[in-house]
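In order of appearance the chains are A, B, C and D, and numbering begins at 1 in each one.
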């Protein structure tokens, strides 16, 4: 059912990343879950846009959105007080495990991991956070991450000797973690897969969706030899099971 | 060329009629002329909406718009400070004649006649103004009209014994005028035509347009035996020449 | 409540094939629509096409799903038992890469459902699909052969792509079809301007195609069999336009991608309109008396 | 600068028939596009269809203008002299209600323009129009007969409605067409739900049909003659997609209804893209040497 909610707060984190806060008291979203956000009440753009839960506390949900194309552009023009139509939460929620965890975020991939971090922090699970972006100013919520992660590493391709997130992993003793969670551009996930880390890595997949709720089969990802639906069977999959090229 | 302007002021006159003020210093619009207003930067709705110049003074133009369908609905959600894209002015401007005039407005048809009245007032041409609407509260700009018209008659179908604009004409000595200008719903113009008034009546035609500037031939009106373009050959036509049923 | 093919339906709002899976997720919706058309079922399981499978276009979308489905066996064993518990009419969308596939699938499913929709109009498969629906001879033979395997309502789903659906409809009715559904998606393509090759080639659906779909439905009115009209229906008003144009019922497709509850809203909105002028074709070729044959 | 049919064009952005009159109002635009295709010209004057003639649909519009035009005589006398002063290529869109009309119009206009576009695809006329373009025999005969009257580039404008444009293109090329333009509008219809009858039946255009148009263009690539691609082009990126799909030039239609200066913006945006892979078909059947024949 489409919910019509009011935007409580809008905040620009960088020149192309903004946050929208809405109040949705009757849900219990889990990390990895997302909402389908209606861009327009007219038919162009037609499809809703999937946006992850980046934070949820006392009924207030935060979505962090990067302006990519025309849908997110239109969303970025919405202001506090205006209406927003959302459907969800969708996706299999991730059950947070009491394991020493490594969170790996690239770019706007930080959004769902922030929520995962929030949950882990709530359950006093220890985790480190590696977070990379193009430019220093693209790194959002740094102080918040520093507060809740045990260790946090921030890297940018521009500033510190063109370090990428994956480069940063070299500096870590990856085997000291029980599990890793990664979210970022597809290219990052592909490179990460190639690293073949010795621990289970769970990837949060961000792609273009149709319905977002398992009906249209429009969001296929080749996982362990068969097509899975990103929206309904994921969006979190074990990284090594994914075939990115099919 | 599409002009991108900022909405200087927005005002609600009634629950479904609002005004938008924009600053367009480099034009000299004439009564009857209109602008094509872009509803959406996306492709739905696709076409621009024709809106008359309702007032123009010192570079500031007022458009008065009634919410009819989805296009005007979307326009009604725009606020001061937001952008508006307009093309124009289009249409043959009316050359105001120094004749004793009767202005006949039905509903939102008042918009272009207000501009005509403004021009006449500026040129000290004497005119009376008959203005009807469904309900008392739908009558806008009453005090302004009272100020500039020699006499003004306001009628509503609801309040004063269901008087229509045309009914009100009975109370007037129509022959005492040299010329009349009318704008209102098509049904009103058809009825007015049947009255066969003894003076020339010029009708401001409001219809759905395509391009609005004479290119697409999408706005035909049968006038004196041939199709004319409302947008380019009008929108003002002598009432008796129009065949409404073709 | 209304009657088509001699059987009753809760209402005239159906769910189009391919946008609602098997109706098992949003049961509240399934139980309140007139009928559900399943995702296309093939003889063998199909894993579907490689992504990207959907691409948004102006007021619509292109899909290139490619009939991903578990195949008729698994459908009968695992899915149908669950679907039977839904309180709605179930029509199986039957897709084949060979002419013979259709009759086999119809035969395998037998009397377990309320009817069949022969999909000879899918643009997203290499073999069969729309190619069958563009050729009057093949179309007729698909229908005629399936007809021998069932007495249930047999609807044939037509394509408007590069062929005249009226011509195909006539031969299909001649071959024994009880009803027509249309339109399946239009051909559509988007180019990848970076890589200079097509990004997606598939079926175009949504409000963009509504005026064309309505034209097609109107063109096929009066053939004496019920039409299930579809193509871009988003509101009760859209649905009513299709009914006025000659459809006896409508199917909701892409609207569901924006909102899985869209059919309920459309049912509600449609109630505001007076019943459409009923046509004698509504019962189609199936007589009142034969009704008991269908559960 | 580019060359098609052995003649040069300022650029690959043309103006489609019917949306710019005769290019005399916005001369700044006319003088900067590669070519202008006139409003459809018929043998006799036509007053066009009764309103409503345009109706907005989702991301597009339906038009039912009905080829309102002054007829070929008046066109030659009053309009052509003015058009000749434009600094662009002029193609006359030729429409007929009889097969013979086309050759007559072509003959009457003679060598005064840069070429002809045979419109056998207009859905808004009772006689001729799209019906000619759906029938390979008639299509071929229209082209063959017009061919006898001119050595100028002869483009044939195809319909994608209920027929395969590839099939029609082949016979038209066989009959002597130098190029293909497509797509003309799709069939479209809107119902008037108050009065329970069609509000408008006409041709659907605009971004809504772009993916389908692109598919059609891509389908016709490689036939050895240039394609003028059109259908929903709004931006330079859209135009570039058509070039990648196989068009040698594009024509702008409905975009002009939103903004008469749209072609200039599109020309500007198109400059950002690398030149499309040029195809040997660009020159079409007309050889370099013959060029002087065309002004």
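Here is the rule we use: a contact is a pair of C-beta atoms (placed from the backbone, for glycine too) under 8 Å apart; a residue touches a chain by one contact, two chains touch by 3 or more.
Nothing here was measured: the structure is a model prediction, and the numbers come from that model.
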Shortest walk length in steps over touching chains, subunit A through to subunit D: 1
Computed distance of Cα centres, subunit D from subunit B, in Å: 36
Chain centre separation in whole Å, for subunit C relative to subunit B (CA means): 48
Whole-Å gap between the CA centroids of subunit A and subunit B: 52
Shared-contact residues (touching 2 or more other chains) in subunit B: 42-45
Subunit C: positions in contact with at least two other chains: 57-60, 206-208
Arrangement of touching chains [line / ring / star / complete / other]: complete
Subunit C partner contacts - residues on subunit D that touch it in the complex: 57-60, 62, 134, 160, 162-165, 186-191, 193, 196-198, 201, 204, 206-212, 214-216, 218, 232, 237, 240-241, 244-245, 273, 277
Contacting residues of subunit B [partner subunit A, same complex]: 40, 42-45, 70, 74
For the subunit A and subunit C complex, residues of the former touching the latter: 1-2, 38, 43-48, 87, 207-211, 213-222, 226-227, 246
Residues on subunit C engaged by subunit B in the complex (per definition of touch): 58-59, 207
Contact footprint of subunit B on subunit D as seen in their complex: 18-21, 25-26, 39, 47-61, 63, 65, 68, 206-208, 234, 254, 256-261
